[in-house]
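Shared between the two complexes below is chain A, which has chain B as its partner in the first and chain C in the second.
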Partner chain A sequence: MKRNMYYLAIVMAVAAGLAFSAPVGAGETYQLGLSLAITGPTSDAGNPYSKGVEDYMRFANDTKILGDAKIDCPIRDDMYKTAVTKRNFEDFLDQGMIFFLSYATGANQALAPDFTEVQIPVVPASMDSSLMKASPYIFLPIASYSHQYVGVAEYVAANHKGEGAAKVAAFIHPSAFGRAPLADFKAAVAAGLNLELVEVVEHGKDLDNSALLQRLASKGVQYVLCHTVQSPVATLLNDAQRLGMTAKTFGEPGKITFMGAHYTGGNDLIALAGTAAEGFHWTTSYRVTSEKGPWTDWQLDMAKKYGRDDKTANSHNYASGMMAAQIAVEAIRRTREAGKKVTKETLYETLNQMNGDKAFTSLAAVGPVTYSVTDRMGVDNVQLYVVKDGVFRAVGEPFKPKYMK
Partner chain B sequence: MTYFLQLVISGIVVGSIYALSALGFVLVYKSSRVLNIAHGQIIAGGAFIVYALTVFAGLPIYISFVASMVITFFLAMSVERIFLRRLIGEPIISVIMVTIGLMSILNGVIYLTPFGSLNYSFPEFLPTTPISLGGVSISWTQMVGVVITALLIGAFSWFFKRSTIGISMRAVSDDQFAAMSVGISVPRVFGLAWAMAGLSAAAAGTIIGNITGLNFETLGAFGITVFPVVILGGLDSIIGAVVAGIIMGLIQQFAAGYLDGNWGLNGTADVLPYIILLVILLFKPHGLFGTHEIERV
Partner chain C sequence: MSANRFFATGNFFTDYRQEQRIFRTHLDRGLFVVFLACLFAWPLFFDASNRTMLVINNILIAVVAVYGLNLVTGFAGLISIGHAAFVGVGAYTVAGLARAIGASHPLIVHWWPLMILAAGGMGAVFGAFVGLPAMRLKHLYLAIATLSFQMIFTWTIQFMPTFNQGQMIPVGRVAWIGGTVGRKDHYFFWYYVILVVAVVCGLAVRNLLRSRYGRCLVAVRDNDRAADAMGMHPGLTKVYAFTLAGFFAGVAGALHTYMFRGAGFESFTLHHSITYLAMAIVGGLGTLPGSLLGPAAIYTLELEMERLSEWSGAFLPDSLNLATALRPLGFGLVIVLFLMFEPRGMANWWRICRSYVKLWPFRY
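Right, the complex of A and B next:
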């Protein structure tokens, strides 16, 4: 009996020792969730994005970034339908989700009150700045559409050679996503950005843009600033090339220089428009694989490791998905490191403290991710790229648009 | 004047492509009185087959194009045989619901392939220098599209007017029971109509895909985009599809050229065709060239 008691005491002592020595959350599984358009509208962006999230989560688990703890991040297709996103979100909550990775502008706007009510941190794929006002729990990973759009506009104003203000037209997607940066762009012009906005064009499914292009040219438009997806931009570029209206160099008089933000560019644009894409200027906060560096090498290695094709491996949407996952994993890691239990509430606190010397540097983007209670836009910098010899090349250094506060 | 001429040429080009896309609707309806809601998916499927044969199998694009038309010919015939043959004689709404279901199935099948969500483009096979005359320009892609449309529409028109099978198909369209009584195989006619629609869809998909790039959402939506053309021309008229297609193309170009961007107007190129469609249908409910049926009660 005495011997049994002795053994029991040893076992209890060992157990107690392990319990106190183990890091917080060791062996736990943290439940996340991603709902996005893998099929349906915009799935050309959603598909590589989902693979980026999936691969980074696998990498985090494989390399034990969180020690013995694991991440479970189910990925569900919402077909770009808000109702399905909501259903996925609620299912994820039932599974104990503590961090949500979301996608579309419309769905985020619709679910913003839910995010606030549930108090769950959310990183969307949409960079609409209005989302930050819609809920304090939405954290944009990179510069908003407005920042990217105004950034490209500032480049025009600074480098336009002609007399007077440069005449520009906005070519946008007929949706909340397309219109997202317009108000900030107009505010920037009103605040002194030396441009003249001649026309806002909400495009349809046009097979021939001759009328549009000639109309813009007749009004003296020299720059078309696009905020849409690649396919309509490619058709526009092809038509401009056919009509001999594409500027061969930036701001060539009598011709049109085409530019755009985020989802207008990337390798898909070059694949769709071919040589007509030459000279297209594009802003994003992500690094692209045509500009080699430590991140892009790593991105390509990751894609190879997890069996992705070249198209996915070189997509900036793949990098975008990886970075969203990185932010979530980093928030969990820091919360654990601080000795706190990982919950929705503590993750929210951790994200809000991600600034100053605690800023998170993800090499996927051209600047650090910084969040606070008053600033929930991650990377503030944007990088301008231009298509040269069939690939996107960086123009100058990353910058913060001056007219965006 | 050059501006006006460019709009006319662009309108005709776009209208021709609309007509070719609408042709599949017309061919099916003309023979079987069925409105195939899944036509856009067949258009997309045809374009993807051309791409796959060209890029993955390494065939010259011209051969891929012909092979794609042959493949979609038999695929569409199979679809009719498997899903629709049993519905002969059933209420028309049942058949339309089946084509809606078919659209979902084809969507699902395409989404299982990389074509469902990624963008592709055909390898360049035509000169990139446009054809220009007097300041008016047209790309080789557009020119080839117009020529193929003209050839196919001419061929189908001849087929329906002159060939024995074509006349049989018209007979079935007019009165299935009367056609059966003179020995025409109605199921075979239906199968052939779907097959020909598949063939025309592959041609349309390839031409559109060469202009917009291969994006499933864009190509698949084309089935709905050309719907006003089908209605305006008259559901069972090939010549109606051509005329309505060109009318729609011209309206869009003129609206984009003269209305949009002026007087605060925007997007009229997308809306005006529907307004004109409604106005015309007020006076000609069967479309410009559709058969005016008189039902005796």
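Right, the complex of A and C next:
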């Protein structure tokens, strides 16, 4: 009897030792959720974005980035409808979600009060700076639309060769998303950015922009700064080419140079506009596969590994989805590493500490991801690209727009 | 008719009053009371998730909106393809005021029942205004007039800074006995509010239809010249049909704003108008049960299609994106098949079931 008690004590001691020596959360499954437009408006961006998230989550589980712990990240199509996004969000919460990956500007604005009440960290696909004011739990992965738009405008002001301020027109999507950077752009002009904003055009679904282009030309507009999705920009570029109005070099007098931010560019634009896209200038914080580097090689390998087609593999939205997933996985990894239980609250803390030495370097973007209680915009730098011989080529080094605080 | 109204079967009326009863038999009334009791009681016994409650609340809001659409299109025979805009008028009555005076102003969060009624009133005013062309227009021409209202509404909301250019306008949490309704009880609380509104509105429509005003709607739909000859005013009848439709839509809009804690323009687009019309058609135009069955059917179909699409995504070839195409395809196909094989809507199934039970066991 005594011997049995002795063995039992040993077994219990070993069991207790194993229990305490095992990493926090070993064998756990962390519940995340992604709701985005895989069909419906803007699905051309949402579709590769969802695949980026899906592939990175699979990669994280396959390669055991979190040790024995797994990530479960269901992906739901919300068709760009806020009501469906809200339903998905509630469903994910019912399943015990601790980190939310969201998508559209409108849906994020609508759900911002919920994010704050539930206290759940959120990484959206929208880079609207107003989202950071809407809820302290929203963390933009890269530079806001305003940063990207003002960044491209600064390039115009710095490189325009003519006399006086360059005349520019804003060509924007007729929505909250499209208007997002306008206020900051106007503030930059008021603060001394040497540009003259001649007209703001909220585009419709026109298939011909001849009248618009002739009007802009008659007003002396030399630069059109776009903030919309690729298809209206492609239509604009095709019409400009047909009318012989496209500048062959940056700022060519008497012609128009077309430029844009984030969702205006990428390989989809080249596929839609063909040769008309030549000379289009574009800012984003992501790396593109036409500029080879360690990240782009890895991105293409990942796409191949998980059976994605070439279009998806080369999409910057695919990289964008991967990076959103990376931020979530990294936050979980660091929380575990710190010996804390992984919850919404601890993930929020971890994200807010992601700065200085603890900044997260994702090779997907042109700068490190830094967050703090007062700064919830991840990558601060933007990179300017221009279409040359059918591909996007980097122009200069990544930079931080001076007129954006 | 049987002397005992508990056991009566068949339709045997000896005067018009009997025909106009809301409940033909005591059994009808009893069943309705039990059904209502179940609707009120089930959340107390089942722990429904927020998602489930959200879906059910959405269905009930759509029921209130479709009451209105059924009055104007089903009973009065006037095609309206701008119903979501009327819902939007109600939603933006609350949201616009919240933007002007503050999301948590007492008028918004304490006097919310009054706000819901005010939203209905505003919907009625817009309904009457948009209904004016109905005095001169019919059929497709009238449909275009309602479509133009939908376009004007969307444009106005999307471009006017007063309405935050279509971006979300938040509304505060409402107060009830015991304080503010928190997130935990939000959907539960609104379930009961919306249910009460849906039941009251349903009874109001049922009562309207047995009054001379209700019969006017049907008479004008069937033959407006004959109705005119019988002393009715077809033009005014059409305007008041639009007014009533606007009222119900406005109430639905206010409920939507409170339930979603804000309003954004994307919930009131042409797509939503078409969806309301699909709900009315699938449910059964010109029937009260159709207004209940249509929204439930369309929402269920949407959810099932979503599930099918998600499930099929696991094995369909990724490059073809077939899974994403399945939902719109399946949804459209079901509606087309429905219109081909059961144009009278689901209310007709309900009518057949009732007729069967009514005659059973062949008492006469």
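Here is the rule we use: the second predicted complex is superposed on the first by the 397 of 405 C-alpha atoms of A that agree within 3 Å, B and C clash if a C-alpha of one lies under 4 Å from a C-alpha of the other, contacts with A are read in each partner's own complex, and residues count from 1 in each chain.
The definition used in the following text is that contacts are C-beta pairs under 8 Å (C-beta built on N, C-alpha and C of every residue); 3 or more make two chains touch, one makes a residue touch a chain.
As the structure is a prediction and not an experimental result, all values here were calculated from the model.
On the superposed chain A, the positions of chain B and chain C overlap enough to count as a clash.
Between chain B and chain C, the partner in contact with more residues of chain A is B. Once the two complexes are overlaid on the shared chain, A:Q241 sits against chain B while remaining clear of chain C. Applying the stated contact rule after C-alpha superposition, one finds that A:Q31 touches neither chain B nor chain C. Once chain A of one complex is fitted onto chain A of the other, the partner contacts of A:D91 are limited to chain C, with no touch recorded for chain B. Of the two partner chains placed by the overlay, chain B and chain C both lie in contact with A:P174.
After overlaying the two complexes on the shared chain, residue contacts for A:Q353 are found with neither chain B nor chain C.
Of the two partner chains, chain B is the only one touched by A:A271; chain C is not. Contacts of A:E199 after superposition on the shared chain: chain B is touched, whereas chain C is not.
Once the two complexes are overlaid on the shared chain, A:T343 sits clear of chain B and of chain C alike. In the superposition on chain A, A:S43 makes contact with both chain B and chain C. The residues of chain A shared by its contacts with chain B and with chain C are 38-39, 43, 47, 174, 202, 309.
Residues of chain B touching chain A in their complex: 3, 6-7, 10, 13-14, 17, 107, 111, 114, 116-121, 124, 128, 130, 137-139, 142, 208, 211-213, 215, 217-218, 221-222, 225, 252-254, 256-257, 260-261, 266-267, 269-270.
Residues 38-39, 43, 47, 51, 76-77, 80-83, 86-87, 90-91, 93-94, 105-106, 109-110, 113-114, 117-118, 174-176, 179, 202, 307-309 of chain A touch chain C in their complex. Those residues of chain A that touch chain B in the shared complex are 38-44, 46-48, 174, 199-202, 204-212, 214-216, 218-219, 230-231, 234-235, 238, 241-244, 268, 271-275, 309, 311. Interface residues of chain C, counted against chain A in their complex, comprise 49-51, 54-55, 58, 158-159, 165-168, 170, 183, 260-262, 264, 266-267, 306, 309-310, 318-319, 321, 324-325, 327-328.
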